[in-house]
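To start, I am sharing the structure in question, which I have written as structure tokens.
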Amino acid sequence: MRTAVVLGVVGAAVVVLPLVAPPYYAILMLPFMAYGVVLLGFNLLFGYTGLVSFGHALFIGVGAYTGAVLTTRLGVRHMELILPAAALAAAVVAAPVGALCVRYVKIYFGMLTLAFGMVFYTFLLKFYRLTGGDEGMRMLRPSLLGSEWAGFNKTAYLVGPYYYFSLAVLVLATVVMWRIVGSPFGLCLRTIRDNPLKAESLGVSVPRYRWSAFMISAVYAAVGGALLAPPTGNVDPTLAYWTHSGNVVFMVLLGGFASFFGPLVGAFAFIFLQDTVMSVVPYWRLIFGAMLAFIVIFAPGGLMGLFASRRASVEAGRG
Amino acid sequence: MILEARDLRQRYGAYVALDGVSLAIAEDEFVSIIGPNGAGKSTLINVLTGVLPPSEGHVHFKGRDIAGVGPVALARLGMARSFQLVQIFPELTVAETLQAAVVSRLGRGARLFASLRGDRRVHAEAMEVAELFGLAAKAHVLARVLPQGDKKLLDVASAFTLRPEIILLDEPTSGVSTADKHAVMEILVTAARRIGLRSIIQVEHDMDIVFGYSDRIIALHQGRVLADATPAAIRADARVVDTVIGRGAR
Amino acid sequence: MLRVDAVDVFIQSSHILRRVSLEVNEGEVVCLVGRNGAGKSTTLRTIMGYLRPRAGRIRLCDEDIHGRRTHEIARRGLAFSPEDSGIFPDLTVAENIEIATWTRPGGRPAAERIERAYTVFPALRGYRHRKGPEMSGGERKMLSVARAIALDPSMLLLDEPFEGLSPAIIPAVSRGLAEITQQGQSILMAESNIHHVPGFATRLYVIERGEIIFDGPPAAVHADAATMRVIRGAA
């Protein structure tokens, strides 16, 4: 009940934001929404299945470059085609990568995913005839719902149709993920996270479920990656660099991986904090490093963990 | 014969854990495996449940060779087990643990978009087992905060939820207090009858439990079968009494 | 030597121990008997400092130990063998036992302490080079108690020391523990199986739902029908 109220208020605020706030903030919401999609998928793998990937930027890059290639090389401008294409591209890459990586766990899984991420980064960098090398590629303004929105200048397009399109994608992604984690499949993932030995003895095939979770998280990352590109109009190899994967992990820790909405809270906090800190001080990475240390020591459950424990102690005080 | 093993040998490097073990379990039998610590009981269970392929020898379940086939395949074939070192899902509730077993048995694990909450059959079956094992009142308690004995019951209950034809229990009453031991065994036997479980194999140290419930007892010593007979015959076997049961036993 | 005074312990707002009091003097063998979930392990773990009591005191030789860190309590002479054995799986049997002679120096020489451990559990001698994964549950339990003995403590805290042990060796282990107490060390053990309680136990405390409902010598406990009903369960 409480959750519904909070969601309602937050939802209303997000919907009216472009109408009441300066365009700067509406535009800042765009990467939040893109990363929100990425993180929903990432947390299926991390919070629900127990696997930490340090190479998820690979799939963000796949999604972003799919959008760039489709709009500039293949003349496809419909976002409604770009997003599924990004999803398909991610699935094609994730199938073999995942099949190999899920046979390993913990640090080895992290290392393998990191390695694959960097292989892709190197590919993007070196094959400059295909990918534009370190300069990257442009992504042209995609058409939304069949319209080019030609009468809108860049800012108006971003804070208007593109904002609401991204929001719709985020909402859809959230609803789908909510169904997945609440499904029998989601329950099996959690058994694997908690005790793979026991899960197997109950007939749950551990590698198969891990692979499925990996595929889903890759698809989500690519859809988020495709959403990330249009605001800047440019994609470049750093999207696949391992520090970008690190940012994803950081966002999840910041928000809290033990709750469904934690990753969204983490994406929001990260984007806005990064913006605030960067405008105040040039050493934002130093600040973020200190924050990460703080979180690990004092708030391992992330922001959602803090809310949960505060509520528990309030209830205990009342009870 | 539902489960048969012939000339099982298991080596860990130079150490020989099983040295030529043969046994056969019939349908509707309750068999206890006893033996001193380190006799090879857990290794035998691991081989019988397809977790460990034997270095030598054969294991057959319902006529099929199951050596090293793995627990997932065996669960589908109709065999389940519980663990000596209790195995639970710490962050799942009692109800969720049992639901996971039902989901697995009904093959609903591939349902990505169905609502678990709305699946009445899964919930009903899980609660049925919870009631059979006296865990219904704790259905929404997280497994990790359960007392040790309840964790043990949950480990066994979730294996029962698979409705296997044969179940192997590795020390089902260890860590269970005297007051509850017989209650636990009664629960197991009643639940077994209710779900149509045909055969039970247990590894046990508590001789009261062993003699109170077994149709047959297999005594293991240093990786070999020392005796394989009815409880009365075992009680009269001096070698078994000396090495396994001890003279002080009631 | 050890006095637990009206200790209240909560685990995540559940009241697990209610004003639990007990005492163990030099050379005594005290058993905490109770059903599943009664609070036996919680009591031992609180004494060892894994849990902080919300109220009450725990004193060892007239020194407050409640609220202290576990390793400090161990250094002061309490050796703990947990219910799940807690052995170091990457170390061999010999290394597990030997490590106890490094962390608490002083007292008897190391070789003597190791020898005492093997005297109570001669079976362990046969697999000194085996590691955790190759050992059965009962062997791990023996190792856990042996390691506690090698700490050369003034008191052993044993959580279900006979669990998983073959009935053929329980009498011998029991005797070995008795010999240890004859040299002045004491034992506080938690037991859920009344038949495992050694015949030479000095005193029993019966715990039910976090409260001590009876204490006295074994004969008195066996004579009290109501308490025996609790321990044995409904006939």
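Assorted remarks:
Which chain is which? They are A, B and C, in the order written, and residues in each are numbered from 1.
Operating definition for what follows: contacts are C-beta pairs under 8 Å (C-beta built on N, C-alpha and C of every residue); 3 or more make two chains touch, one makes a residue touch a chain.
What you see is a predicted model; the values in this text were computed from it and never measured.
Comparing the centres of all chains, each the average of its CA atoms, the largest separation from chain C belongs to A.
Among the chains in view, B has its Cα centre nearest the centre of the complete protein Cα set. Separating the CA-averaged centres of chain B and chain C is a span of 29 Å.
Averaging Cα coordinates per chain places chain A and chain B 43 Å apart.
The mean-CA centres of chain A and chain C are about 50 angstrom from one another, to the nearest whole unit.
Among all residues of chain C, none touch two or more other chains. Residues of chain A touching chain B in their complex: 176, 179-180, 182-188, 190-191, 193-195, 197-206, 209. Every residue of chain B that touches chain A in the complex is listed here, in rising order: 49, 70-72, 75-76, 80-81, 83, 87-92, 96-97, 99-101, 103-105, 108-117, 119, 122, 155, 158-159, 161-162. Interface residues of chain C facing chain B in the complex, by the touch rule stated above, are 11-12, 14, 34-38, 41, 83-84, 123, 127, 130, 134-139, 142, 160, 163-171, 192-195, 230-233. Contact residues on chain B toward chain C in their complex (touch as defined above): 12, 15, 34-38, 41-42, 84-85, 145-150, 171, 174-183, 205-207, 242-250.
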